[in-house]
């Protein structure tokens, strides 16, 4: 409880080790040569640079194959950005709660930042990473995350009763599909990221703190 | 060990209950009105009818929204049918071993049939469903499935050592991506299927026995 | 979704690997010389041949010692075939649901076939193997399998409340004993089979599909 | 660390609650009227009274049906008392280590006493109940219990490598069968006991301390 | 069920192996030279000798460093002996139920003896070690142990609803703190004991049987 | 990937919900009136205010009882701040890795900040929270955290072999004690925090990002 708070002090203590998570030079542990971007994908990367200031590493990771990159981008953008009964923040909350169950470093960093940004509530991002059950959530949010968490940890136990709880919390059948699809999607990307040791862009760490 | 083997006998015993898994009239537990198929998707459905004799229920389930259906089909076909260092059978074996971990009825039925068909070895399909560790597998197949199973059950424990075991078994970095991507994909679809109680086409049950 | 469906096509694809589960030449991984059958056991084996067309491999596995074989047969026949408040199909459903929890290849193959036969409903057999919770079951069947599954996975949590749920579903105390005894028995045989790599007779695979 | 040690003091403190585990008046939570003992079983019960001073409650629990009681006794006596490459103590050690995994009160009390008696080493009985890994065991004993524990907790992971470790520790194929059969048997009885809330004879508690 | 009960018989059988848990010469697996006892700690050890007849091994284990020993003793005595809405027996019951979840040999032996002594009911000590759910407990005791067990196994799932159940069982907010603190403390000591292979004083084994 | 980045935009989006984790008005879910601080504790609180700028909420939580507060502070300061073969950063890394396993919001926030501060490497703090296995660690750090994680999740499996791995990584027996003691301590505090819904001071969130 009595730590040195000066930047110099911290730097000195840190001399014995290199930074632990910050090797942006490499996106994954796999050596896959980037393919030439198709015009569509080149435009998409340019749009990322313009709007975010960088190209998310997950896109660079998929860029060894344009068919895979395009399919990923199409599915991602539909799920996370297209019109839905779920707000963008709600979809990001699902992303982080699922990634917390799977302890996926890449997705927790990137989507934890998104929750902080979209909510304007930095501790909410931390809570999604650490234990969503400790957050002060609306009934709707809690029902949504409980469903996503169960679907992640024990999908074989999900039944009509679970869908019923979502309906009671006000979700439509279409909303239930979207919750399932977003939770499912991050169960996929968490595993691709963990399997390949995908590293997040370091810029996420400081965003919206 | 002394069961009635005549078809009539079985029918009689069965009178007290309806068939347990065979309600093809409904694809999922969600009421989502089908959208109008785009020309591309209409052509794809027609091709399924022609080659398989039916449209897989998962496609009907996604057909309430053409953007979602297209993205799913694009990703599925790239992963399972495009050129890869993994054979189509190997990709289906991953699909079933992952779905067995997640106890997903839809995917086990549909892709269990695919393993039986592609291998010409019906017990292999059963083994993938029941416990892939009991199968007589090549070192390559076993390493592939062990990686997929660990990635499914405990993705947070997957590390360089696990990738190393795949490399020792002869897999390239591109192959490792494909194993991860297929395993990841079925971790997604297993959850969409379980979340929505998706039911497989009953025709799968009798295929390639 | 576009697999070759011809038998020749499948044979060709399969040339690179031997059949995966079909080595009937060996019943278990243990080398135990068969003992001489007692007259009782010889008669029992003959009855199996006559009624089933084969001697189940589990019996051959126990046949290195007549005391063990006799005790196993006596207990098996009492549990699965003697009069009980549970139908033979119900007892087989328990057998498969328990074996699914334990992922026992031998018992899933042999008793999955029994569920298909006794029910005349092949998908029901598949559902018991894959995830009994996805089956359309009566309340009675569901309560019975939920009890058996909990007793298999977390026996230390079974309490009066669990027995109460069986009673509410119409089971008598004697029925509860029988559910427990059948579930317990397969928790035993699953482990003997897994410990010894017991292989099922290949004839089961095609039965009652 | 400063508790009253006098018997009177303890009795006084205890007045507020009845004894917690000592209701011998009831053997299980199920109401099953005892059947008339067959001559064989009557003789066996008499032998128990003579040699042990009491009839173990598990036998009373099965005594509602003579076929079930006889089959249980035949299997139990063959497994635990017949000639085997495993000593009686080794078989009891397996019984307790398995029952500890399953947290079965009945079997831990009855067979914990057996380990204390057969070994003449009371702490060994406690170690089997609490955590066999903390005991000072021979390589042979440790290999045997590691196999039994894995077979109990995750039977689907048992493979040739596990059998190989038993062979390295000096066990024959017949011994491996016996280890599997004893471990399997207690996985059965643990579940029958837990399912029925079977209570041990209170006399076990004080034996061989 | 027919074991030799004579002490000589047991001794003979036991000649092949040394006692399994009884090596009091060594308190932990770590070689840490004892420090000189401070006057306070020397007085405390003397008081243990006087009241218990021995110094508990956990104290000897901490005695390599007086600051650590003092802090441990202060916390232990406050939690287990200071005034509280929980009786000393209730606190010991929590200690054993927590230690059973963590399968900690040291704490189960030492605090199992404490439950036997304080309750005057030896089977109650066994039940806490083996499976507290099998004990005949008051609602208050059961609610307390269910909370402690959940807090031990899945602390991240503990929420207001769990505290609510304690309040319904009559516990005050201060009592809830004490239940949490005692359960937390044994989650600490269980791990220190397991990490260092701490061995209990052998005298505990025979106490209050 | 295209989120509004302006503070005003975020504020607007956030109007529909209160901040999720930031209710400093309440330290725990328990109503426990603060006791009068002893002179020692008053001095300690004053020192916290002076050095940290605030009193950590965990201290306020314990301040309903001076004996409990003093014992906690004594143990905490000895473990985390006294001389040890482990650096303060290493001890904080253990704290966070253990708290991540237990998903404890309070400890992850407070000690995650400490890792960021002491290391001068903000991503290292995130990695400890999210999945320490993804961090670029020295062999020494990795061995230390693997031991702490196993001790947290499955203490009953920790054996001489595990201590051996620490020794191979260069740790002395005294270091092993300290690793165990720190890991044990946070297994305690995680549970006290989770049991009482302890909330961290909000100032931690922005520290050393």
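Per-chain residue numbering starts at 1, and chain names A, B, C, D, E and F are given in the order in which the chains are listed.
Rule of thumb we're sticking to: a contact is a pair of C-beta atoms (placed from the backbone, for glycine too) under 8 Å apart; a residue touches a chain by one contact, two chains touch by 3 or more.
Just so you know, these numbers come straight off a predicted model, no measurement behind them.
**Student:** In terms of contact pairs by residue number, which of A-F, B-F or A-E shares over half with D-E?
**Tutor:** Looking at which residue pairs coincide with D-E, the repeat is A-F.
**Student:** On C-alpha atoms alone, could you tell me the rotation angle mapping subunit B onto subunit F? Nearest 5 degrees is fine.
**Tutor:** Superposing the C-alpha atoms of subunit B on subunit F needs a rotation of 120 degrees.
**Student:** Per the centroid of Cα atoms for each chain, what is the distance between subunit E and subunit F, given in Å?
**Tutor:** Computed value for the inter-centroid distance: 26 Å.
**Student:** Taking each chain's centre as its mean C-alpha position, how far apart are subunit A and subunit D in Å?
**Tutor:** 50
**Student:** What are the residue numbers in subunit E that touch two or more other chains?
**Tutor:** Expected reply: 103-104, 131, 156, 159, 197.
**Student:** Of all possible chain pairs, which ones touch?
**Tutor:** A-B, A-C, A-E, A-F, B-C, B-D, B-F, C-D, C-E, D-E, D-F, E-F
**Student:** Using the touch definition from the top, list the residues of subunit B that touch subunit A in their complex.
**Tutor:** 29-32, 64, 67-68, 70-72, 74-75, 78, 82, 102-104, 147, 151-152, 155-156, 158-160, 163, 173-174, 176-177, 179-181, 183-185, 187-192, 194-197
**Student:** For subunit C, which residues are in contact with subunit B within the complex?
**Tutor:** 1-5, 7, 10-11, 13-14, 17-23, 47-48, 51-52, 56, 76-77, 80-81, 88-89, 100, 103-105, 108-109, 114, 117-124, 126-127, 129-131, 134-138, 197, 202, 205-206, 208-209
**Student:** Of all residues in subunit B, which touch subunit F in the complex?
**Tutor:** Against subunit F, the touching part of subunit B is residues 156-157, 159.
**Student:** Could you list, by residue number, the parts of subunit C that touch subunit A in their complex?
**Tutor:** 131, 133
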